[in-house]
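Take a look at the structure set out below.
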């Protein structure tokens, strides 16, 4: 269940509610939102909801059968808006994040940034810490990559996002970028989730490539329960028996997340397909399915990219994609090409 | 490789080409199309393509590295058009097939047919032979179901489609319906593929729920090589670890099929998701991804459906879906709501 | 539930029970076994088991929560014994089936048969009708293959098994071989299951490569409910994300089937792994897990096999395997190397 | 490729080899083993192996086509022996690790430890830091759990193992336990792999539940390349479409790892199946397949376990399992029940 406390609830009122829940065998996680404290509670039931709702300081009690509570849509209302400076994710305007898989150099990043910015992207992506399957693969420029990202962001007016892989890289990223990303392989790195939760930084939480939607929402619950409501989900393809595409993009998960959770959800058609010819159709499909945004790999010279060249769009192809997306976005009551206010 | 013979090629010229291929160790499958005989040939290579192209009666030789030949897009050109009476599948107009999972009664079928027809569906679906996992489940009305389907089709002007499960049911279906369907469980029932191939009847070939795109196209190759070019593919979800949806709709497979094959491809969002709330978003996404049509389950009273009620739309919801689809179709240069000529 | 009728139950007594079940909304399937008629019934419940058990001619009523009934172990007792001439499958002695993927020639088959027979195999396998993904692949010798199989079986004293792919091939196989096999791709070809059921012929039912254990047992239920109790299951690997092996051998399914069903279960380590180096370890593991037998591909010259050479053992390697298996079989209270009486 | 340096190779000789490799575009990882430095090198090839082998200080050069180098079996020889105090993992004697999923209390742990020790287990497992899908689930006793584990280990003479989930928990664990475990969800937490690598502590590396064998061996390569050769692999089931078991135990991966890598490999039949009835058959199968050991969950009162009760054996069932395993181990030339010297 979720217990929504009144904004004016006093500490001892909150304490009384929590004591009541503990006595009934519930485990709690809470987040202090703009509209007051929200307590998620999981247990074997048996508590009297009406009595609980009648306690001083309690606004209302919402039953939630799902194992996740704070991120569930049972609380009602619209998709939550995640604000990053002037950007609002989850509103009418779709958010498009673009950039190279890895930050490689000043020229590569600036060139890409200027072109994706002109085409309507509002956030620049670029990996500085790359989790690679092999220790022999390029591992990222690390701090140097963060510096380039921050500088290019400042120069172009783009917001910036980068993946963090542990607490040390998170600590660094906090000072350089506007959003952090938790990658697919770390979706159940619960310590990292909690650290990102404590940081309060807006975060893009990618779905683990073998995670169920339920596990994904529980991972988001870890972040929110650690104090950070600024969570944006991102579907990026799951691992199946099909090897003709790098992963299998699960767009029904996007629709399902919209039904089950109030968090905004984006789609990464680049990692999902691993094939630039499929990025356009899947980006269009994602928007039609109701996604709140896209994250797309763009590289000025994909053939020489240090990682994931096969799935990277050229800047020209990205411009064309953005134009294709506009009528599709309009068809579902959304807009693309600016990330402005609601 | 594919050897395209001239329309005027004489039998002995065809024979000479085939002999040459056999001598070089190739295995052949051929289909006689409107523009002449097309020979698909698979082997370990070594034959001189130029010499082959120079043989009398040969129009051209097209190298095809994929294991499927006749269905491959390497032959170039647009998506093939499959004609069913006045209906054209694969052109600008999207084809929408709708109807109940199973034919249950005259009233159920007629009611559904009239409503989906008014909303813009052009083909009526209804199962008469139901392949069910359990022998204790409803197995379909069989011939009685076919009779109802034919009668309701005639009355409403809708074309009709039903699933066939063996040669006997195919034999029956040929006289009652306009298209036959090969279901997911029979996608590699090669004897049935060949029988449908010999029949020449337009066929909707559903992807096996655990079939790769390559295996799916090879299944289509079996049909075409048996003499039937009227093949329409249909993605209906694959089996993965995710159980929150009935299957995982693989829309990247639609884009991939468009890249690799000239056959039209449709999408079944009902079986894919198993959840009527997700049918709309996935139908929109399918259209945006480039699908040539949709097959949607509609039942006048889903709560009492003899099969798959949870995923069936009410007629009212279907009307709303068709209206939602129009701007999405327009956004990708297509139209929906009529299945007319190109 | 399962209703076990007394051996001496009269037709009208059986009729009365069936009428009672129908009135209560149950769907029935029945098989006439050596110990009397057994009725499987599926429904929403509500019938009084005690009243049912008290009806004349009823021996006992066994509740079965699983969707399969006749094949469930809830009836109690040991693993069923399937008898094929002098061979008993499911008893203390493990049954080893060996032979080439496809029957290719008299010499190939006879050579293989003599060697596997000396090593302790009791059934000779050999495909005459090959379900191949591609129409360009070798499709089997068909009737000629059956003739060779029957002749070599007669000459060597080995029993014979071959795969059937439709009713026509089944019809032919019935007169030539001792067991028929339903392959992975046809596990849910329900018409074929029913035809094999009507034939009464001992059958090896391979698990579909993407079938759950429940679906597999329901497929067996189709056969038994059609009148054929002589069903032997065979695990042959499932399709997963792992591509280092051809399939993923699911040995826990063997243990699970033993827990849930009374049918004997064998294992095919050759198709499961696709790698002859892994056949030995997986054959040993299968025996240790409780399998009732093995089906192993053996070819006198694997490098020249018309199909599946990479996974075929040489006759010498098969001899070594049989020797390795003996102590493992003994360790779990079984014997290998003869297929004799219980 | 792998370059094996002579034990007596001098620093400048090593430097010259590394320089040569860098100039040729190779990326290197090296580990200092008992028999000298071993350099793994990955690149696009082109270097002259003979010239390299002729350089001063080089013992030999071994080509390795796999992406992992240092853990590959191409170096030849037997399975590596991992020594933990008096225990040798990878030799003739199988290593059995047993204990509860989570450390819950002194009584629970001591009771379990005494009983599994008497039955032949040599390492006590017990989770102190539990990575749980839900933030509402029991997360482990943390330091208190480590203290209990160390104390019970000292009292019973059992070695101890616990899972680490980040660098902080690793730091703590190093002082309390004899082996650390990297769990399935952290198999690609590369920072943690490197930290464990630097620690030199013997480590049990569980396979990610959706990791290919190749990715698993690359994860091991990260640890070895960070300086720690004491890596033991552990198969614990993969995620597939089958939900009748918790995971699908992939025993062919055990045989494949034995073929491809020199590292010892163990099996966890408890997490793999999630069903105590299947633990015995799968443990026997694992031993027959060639596993070097087992890790089994045992709880004195599975019905009250704070996690994973359904898959935990009672101490009595564990005693029976150990007895069953002995003849199976003997059948494949191994022994069980003591973890003594080679």
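Read from first to last, the chains carry the letters A, B, C and D; within each, the first residue is number 1.
We adopt the following convention: a residue touches a chain if its C-beta (ideal position, glycine included) is under 8 Å from a C-beta of that chain, and two chains touch if they have at least 3 such contacts.
Because the structure is predicted, anything quoted here is derived from the model rather than measured.
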Relative to chain B, chain with the most remote C-alpha centre: D
Recurring contact interface, reference A-B, options C-D, B-D or A-C [over half identical by residue number]: C-D
Whole-Å gap between the CA centroids of chain B and chain D: 49
Cα-centroid distance, chain C relative to chain D, in whole angstrom: 37
Length of the line joining the C-alpha centres of chain A and chain D, rounded to whole Å: 33
Two or more partner chains touched - positions in chain B: 210, 239-241, 243
Contact footprint of chain A on chain C as seen in their complex: 210, 239-241, 243
In the complex with chain C, residue positions of chain D that touch it: 210, 212-214, 238, 240-245, 248-256, 258-259, 272-273, 275, 277-278, 281-282, 284-290, 327-328, 330-332
Touching residues (chain side chain A, partner chain D) in the complex: 27-29, 40, 42, 67-69, 131-137, 165-169, 185-186, 188-192, 209-210, 214-215, 218, 221-222, 225, 239
